[in-house]
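To keep things simple, chains are lettered A, B, C and D as they appear, and every chain counts its residues starting from 1.
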Amino acid sequence: MNHLETNFYEAVSVILFGIGFMNLLLQNNLIKKFIGLNIMDTAIYLFLAAQGYIFGRVAPILTDGVIDASYYINPVPAGLVLTGIVVSVSITAFSLALVQRLYKHYGSLNMDEIMRLSREEEGE
Amino acid sequence: MNEFATILPVIFPIIAGAALLPVKFRNRKQREFWVLTITILNTIFALYAVYFADAGVVTIFHFSEKLSLTFHIDGLSKVFATMVSVLWVITTVYAFEYMTHEGREDQFFAFFTMTYGVVLGVAFSGNFLTMYLFYEFLTLATLPLVMHAMDNKARHAGKTYILYMMFGAALAFIGFIFIYCYGDSIEFIYGGVLIPELIKGHERTLQVVFLVAFFGFGVKAAILPFYRWLPKASVAPTPVTALLHAVAVVKAGVFAIIRLIYFSFGTEYLMGTWVQNVILIAAAITIVFGSTLALRTPHIKRRFAYSTISNLSYIIFGAALMTPAGLTAGLLHMIYHALIKITLFFTAGAILYKTHREYLYEVEGFGRLMPITFISMALTGASLAGVPPFAGFHSKWALATAAVQSSNQVAYLGIVALIISAVLTALYIFYIVVRAYFPRKREYAAGYYDHVSDPNCYMTVPLIMLTVITILIGLFPSELLVVLEKVATGIM
Amino acid sequence: MTGDSILLLPVLLPLFAGIGIWFLKEEKQRNFIVFITIAVELALIFYVSAKGGTLTVWHVTSRLSFAYHIDGIAKYFAVIIGLIWLLAAIFSMEYMKHEHKPRRFFMFYVMSLSALISLCFSANMMTMYFSYELMTLLTFPLVIHTQEPQAVRAGMKYLGYSIFGAGLGLLGFFFLNTYCVTTEFAPGGTLNMALTEGNEPLLLFVFFFMAVGFGCKAGMFPLHAWLPTAHPVAPSPASAVLSGIITKGGVICIIRVTFYLFGADFIRGSWAQTALLVLSLSTIFMGSMLAYKEKLLKKRLAYSTVSQVSYVLFGLLLLHPVGFAGALLQVAFHAAAKNILFLSAGAIIYKKGCTLVTELRGIGKEMPVVMWCFTIASLSLIGIPPAGGFVSKWVLAQGALSSQFGVLAVVGISILMLSALLTAGYLLAIVTDAFFPGNSYDYAAMEKREPNYFMTVPLTILAVAVVFFGVFPKYLGNFIDTISGVIF
Amino acid sequence: MEHINWIHNIPFFSIFLAMLGGIITALINNGKIAYKIHMAIIFLICIMSGILLVDVAAKNEIFTFMMGHFPAPWGNELRAGPLEALMAVTFSVVMLLTVGGGANFVFKDVVPEKQHLYFIMLNALFGAMLALIYTNDIFTAYVFIEINTIASCALIMAKGTPQSMVGTTHYLIISLLGSGLFLLGVSILYGITGHLLFPQMKEAIVELIKTEQYHMPLLVVTGFIFIGIAIKSALFPFHSMLPGAYGSATPTSSGILSGLVLKSYIILGIKLIYCVFSAQVMESLRITDILFAFGLSGMVMGSVYAMKERTMKRMLAYSSVAQIGYIYMGIGMGTRVGVTAACFHILAHAVTKTLLFLCCGSFVEDSGGKEKIYHMRGAALRNPLAGIGYTLGALSMIGIPLLAGFISKVYFATASVYSPGKMAAVLIVLGVSMVLNALYFLPSVIAIWTPAKEALNSPSPSVSPAFAVSVIGFIALNLILGIYYRPITHIIQISLDLLAQ
């Protein structure tokens, strides 16, 4: 129990990840799927950020000339998060474009529906 | 020079056949000329390589330390290669006439020629990998021949064929791997190559593996329960059925089994183990089973196919005795059966070619109208049934004597199988002959006997030659036996 | 080829003559040639029998060879076969007039003779087995001669049984090839005692199976079933020689195997002997029983063959000189008698065309000569003096008693008696009906149907022979004693 | 002033070139030129990687290349050894041949104004794959995985047909699940070890195992990462994305995707096994056994699905599933020989499957766009070269001697002998899958060689020289791998030893 208290960031993020994952996996509506994807990613960024933050330290920006590393938090996770955000943005953009085209063609956002239609098309 | 002579008979037909593929011959004469030239040339090459070029072990290429592409003509190769190369010419001549009513001869003869090289490859191969290689090629080269008609029936037969062959190859492959891992080389050395200290503790595994590999090669030799492809494959043109499914392909399977037993695993390792009993029993069962089915099959070619199944297991039985005497007997039967069965198929082919009759109740009373055909059938049939002094008798005699001397109870079982199968053989062969010579009293449809007569010399000459050879070799087997004993004891 | 090549002559002559006969279209001429051939053959047989000798035709392999040689058994059987073959031939010259394809018939008829002679003369297993198979194959066309579907079916049955029997024999040969010193026949057996040591059970099994296998030709239970099917469908002369002579082919083989390969001493007292005796006895009984119930004449005769030939086997398997003598006598007399019976049956079919025993009432009046011969033959088979059958059965009984089988001997004799009664039942019934048709028979419809001399002469000769040797058995007896003297 | 070793710059420059090519291509709006640029770049990279391979194989060394100015614990690194170089060479050669031979499919399938985009994506894809091969930093790996995903999705949907879009969506979603898991695993691992570079992570993990801390999380992490990779590389239970995608994409894309992209993930996996979770750790966490089981089931099931398939491309896709199964089986054996076999099979499958897809594409073309196998009656007779190519490819897949497939089978079987526990399973499944392969490949081969009933009124196919070259090239590669395989396997072995250090 107290484990949870000590690293509740991690716990929350994992729960979030689960939610996102399930959405991505089980939702039929494509838009919701990709929202799930974003939740998933966000959860991980939260996780990383939480990893990176060390209690009682400040962001590694030289304001008052302190160059002692132990004064600052770890910058690398932040870097990772930024990269991750870039990636997820691009993926989201790509998938939304895809969804758009699918909707144009099939007039539906429901994955099963779309599958069915396309199979019918193949059929004839 | 000698190295080259060894490889030539393998390479030449393959290249020549490949070259024939795109060629469109202007007329029949031209094609026959070329094909016959190639075949005869190659037979000369082959016989030269077998009897004059003593090149020993010829390694073409090393894949790795152990794996290499190696040819080596030893006694066994000599026997097999001689048999094949002599019969090939005869069959080719026969095929010229026969194929005129099948069509697409260009393609046929191209693959037919290729197969020649591949079979010799199997015969000459000096290590397990090379044999496996040509074994696979054999399947592929013969597939177009089996499916020659290319109608649905033929294609289906082809698929069955390929499926069974691949299955067999897969099993054989496992055997290969173990020889590769547990042998000190993959060369064929009389007495086996397994390293005792390596196999210590793995005997059980290796025995199982041997069994697996045995049945793997057994597929080509149509041993129970992997026989189904053979009768199906008799949709192929008769020369194919005769040469490949009575001599080349199936005998290649037997040949491989002999290699496996005597030259890879080694008899002293297998002798008296449970696996020996298993394969003896398998052979015995197949012997009886094949003859029984043959007796129950009215379709002449398929009947002969079943008879092949039974007879192949005679050879396997001999080999499975794992004594020199047994191997000698097996080889003797291999040669005899090759001659006999090819003749029988030729007769069936002649009937089919002239009258398009395929079932034995359709040939009643043909005996007098096709004398050469049916006299050959009667004589070789008697020989197959083991009527002394014809050929079949000696091989049976040798087999059974070997079995007795091996003083192995299971082998006695095999002798009983031989006897039963002998009876069935007599019945299924003579039933056709009887039907042909003593037609039952009944009304025959008008035109029943139309153009029923012996085919022309292209077909009859091979028939006569084969029959004569069969009888002669049956009357004077002593010299042959001497040679075979040398082979079987690893001297030659 | 080493030895007196004259031995080859009696074997080859009928073979080539037969092939020659195929080309003789004209009947008289053909009959003449057939007669001459067999007559010459007979002369040759006498000649070589007198001369004796051995001949090795060629060595197939070191151990297998084709070899002939003349000994008592060979002479005995060869002479009987030759004689009867000649007579049956004469008969069939007439009989074949109403059958189709006489050429083919005579061709195979004559060729079969060569197989039989080669069987008698054969000097080792290989030759014997070869002749045995040859005999089967050459007589096969005789069986299916009519080419009726049931004839063909019977023919295949004949082929199957014979080859299977031969196969069992071959099975034995394989073992003997290993366990014998040589595969040449030698009185007293050629077993290699050193090897035999410890393998007796195996070898006894082998012997048992060989005997059963060759017993097939001799119509011994359990492989008898082909005989009643195959014999009747053949033309009568063919059935005559089939069940008179060919069955003896099996007997020869059994003699060779028992006395010349294994040797009587090896078998005497073994379970195999007992088993075979029981088999033969049961065959005797069963044969007579079936014959008694059978209505079709030729089939009835066939069953009677089944029973009668097993007398021979019984005698042989007693493994005792007297039994042996009885067996050989039975061979001769049964051969003669059974031929008479079948030939007369043939004559009846030929003249009157009736095949059922119920149709034979009063036939004795119509063809007296034939039926007299028939009667004598029946008496011989039953075993009533002065006919020969009496002698053989008497000696057999003596043999059974003098051999050391207590119970089995008694049982055997009683079965012989029983079978004799049954025989009387199934043969004398015909005779009485034939001669004493009773009042209901209208003599008006009766007409003389006596066949011509081609048929009557052979019958008469045989009948006379049966009676003669029945009265003076010692001519045969002495000869047989010389044979058994060699063996025992 | 230490002298700079130019060769050590090759990895970076090859990645950089590929990416750069993408950017340049974006500027010019012409498919043909884009194609030429792309080919040029790949060719260049091919040469460079060749040099690299020769060098490292000769020196038998493995070096790291520092990117940016941060040294080891913080900075980002590339790392190149014989294995990496070998893979780079193979990938670029295969890429070269596939794109060269498949270009005409691209120009046929993709609308002209978008063709240059296709080549952008190809460049990006290739760059990403090279990065996956070379990288020494797990987060970089993640990033390039994502790039890989996007690029491959783009390639699939390039055809623009609704089917291809649906296929793409499916592919995208599944692979996003995979990369999500991978990312989670990576970040937790980072949380545990505090490192992103492989060597440091390895030390940390070894330490953890010794002190038996974080056993559970470590297991979970490894699970996440490898399941992620498994999903990406379409290991059996996660294969559902392949058929739709490959079936609908243009042959070139299908070839590259199944031949190379899947493999790039697997190579990453192998590197992770050796450089991060040392083989012992994998054993102790029983990951290998799971992969092994998946692999086996994949081998069988993939072939079973393929047998049911009537469309040639989809059949090939399922066959890829089976082949991926082979590779994972090799990895799952957990022995050095097993992984060697797996690596060799990566190459063998790469050269074979791409060949098959190309020939299949030309059959489809000749058969008037019909994709079912029975539509392709006589396709081989109309286009013998493709026919021979397809036949050889099929035979290699079945495992006929002298062809690549046979050698990898030999290696797998031999490897099995050295891991007794799994021997029986491996041998049986090998045999079964060989038969199954024969069962679905040979009917198609027979079909294409069977003369067609009605004369098809399609234009008699003109075999473009590029296509001919690439088919012949592939056949040659196949034979080389099947005959002169020794040096290659040798390189693989030594590089695996190097990696394991």
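The working rule: a contact is a pair of C-beta atoms (placed from the backbone, for glycine too) under 8 Å apart; a residue touches a chain by one contact, two chains touch by 3 or more.
Note that the coordinates shown come from a computational prediction; the quantities given were computed from them, not determined experimentally.
Trainee: Tell me which chains count as touching both chain A and chain C.
Mentor: The common neighbours do not exist; no chain touches both.
Trainee: Measuring between mean CA coordinates, which chain is farthest from chain C?
Mentor: It is A whose centre lies farthest from that of chain C.
Trainee: Can you check which chain pair, A-D or B-D, has more C-beta pairs in contact?
Mentor: Taking the two pairs in turn, the one with more contacts turns out to be A-D.
Trainee: Rounded to the nearest whole Å, what is the centre-to-centre distance of chain A and chain D, using the mean of the C-alpha atoms as each centre?
Mentor: 27
Trainee: Take the average of all CA coordinates in chain C, do the same for chain D, and state the distance between these two points in whole angstrom.
Mentor: 85
Trainee: Based only on mean CA positions, could you tell me how far chain B sits from chain D in angstrom?
Mentor: Averaging C-alpha atoms per chain gives centres 44 Å apart.
Trainee: Averaged over CA atoms, how far is the centre of chain A from the centre of chain B? Could you give it in whole Å?
Mentor: 68
Trainee: Do you know which chain B residues sit against two or more other chains?
Mentor: Expected reply: no residues.
Trainee: Find every residue in chain D that makes contact with two or more other chains and list them.
Mentor: In chain D, no residue touches at least two other chains, as defined above.
Trainee: Given which chains touch which, is the overall layout a line, a ring, a star, complete, or other?
Mentor: Shape of the chain contacts: a line, open at both ends.
Trainee: Which pairs of chains touch each other in this structure?
Mentor: The list of touching pairs comes to A-D, B-C, B-D.
Trainee: Where on chain A is chain D touching in the complex?
Mentor: 10, 14, 17, 20-21, 24-25, 30, 33, 37, 40-41, 44, 47-48, 51, 76-77, 80, 83-84, 87, 90-91, 94-95, 98-99, 101-102, 105-106, 111, 114-115, 117-118, 121-122
Trainee: Which part of chain B faces chain C closely enough to touch in the complex?
Mentor: Of all residues in chain B, those touching chain C are 382, 385-389, 394, 396-397, 400-401, 403-405, 415-416, 419-420, 422-423, 426-427, 430-431, 434, 438-442, 475-478, 481.
Trainee: If you look only at chain B, which of its residues touch chain D in the complex?
Mentor: Going through chain B, the ones touching chain D are 61, 63-64, 67, 129, 132-133, 136-137, 140, 143, 147, 150, 155, 158-159, 162-163, 166-167, 169-171, 173-174, 177-178, 180-181.
Trainee: Note which residues of chain D are touching chain B in the complex, please.
Mentor: Residue list for chain D touching chain B: 395, 398-402, 409-410, 413-414, 416-417, 427, 430-432, 434-435, 438-439, 442-443, 446, 450-451, 483, 485-486.
Trainee: Along chain C, where are the residues that touch chain B in the complex?
Mentor: Interface residues on the chain C side: 58-62, 64, 66, 126, 129-130, 133-134, 137, 140-141, 144, 146-149, 152, 155-156, 159-160, 163-164, 167-168, 170-171, 174-175, 177-178.
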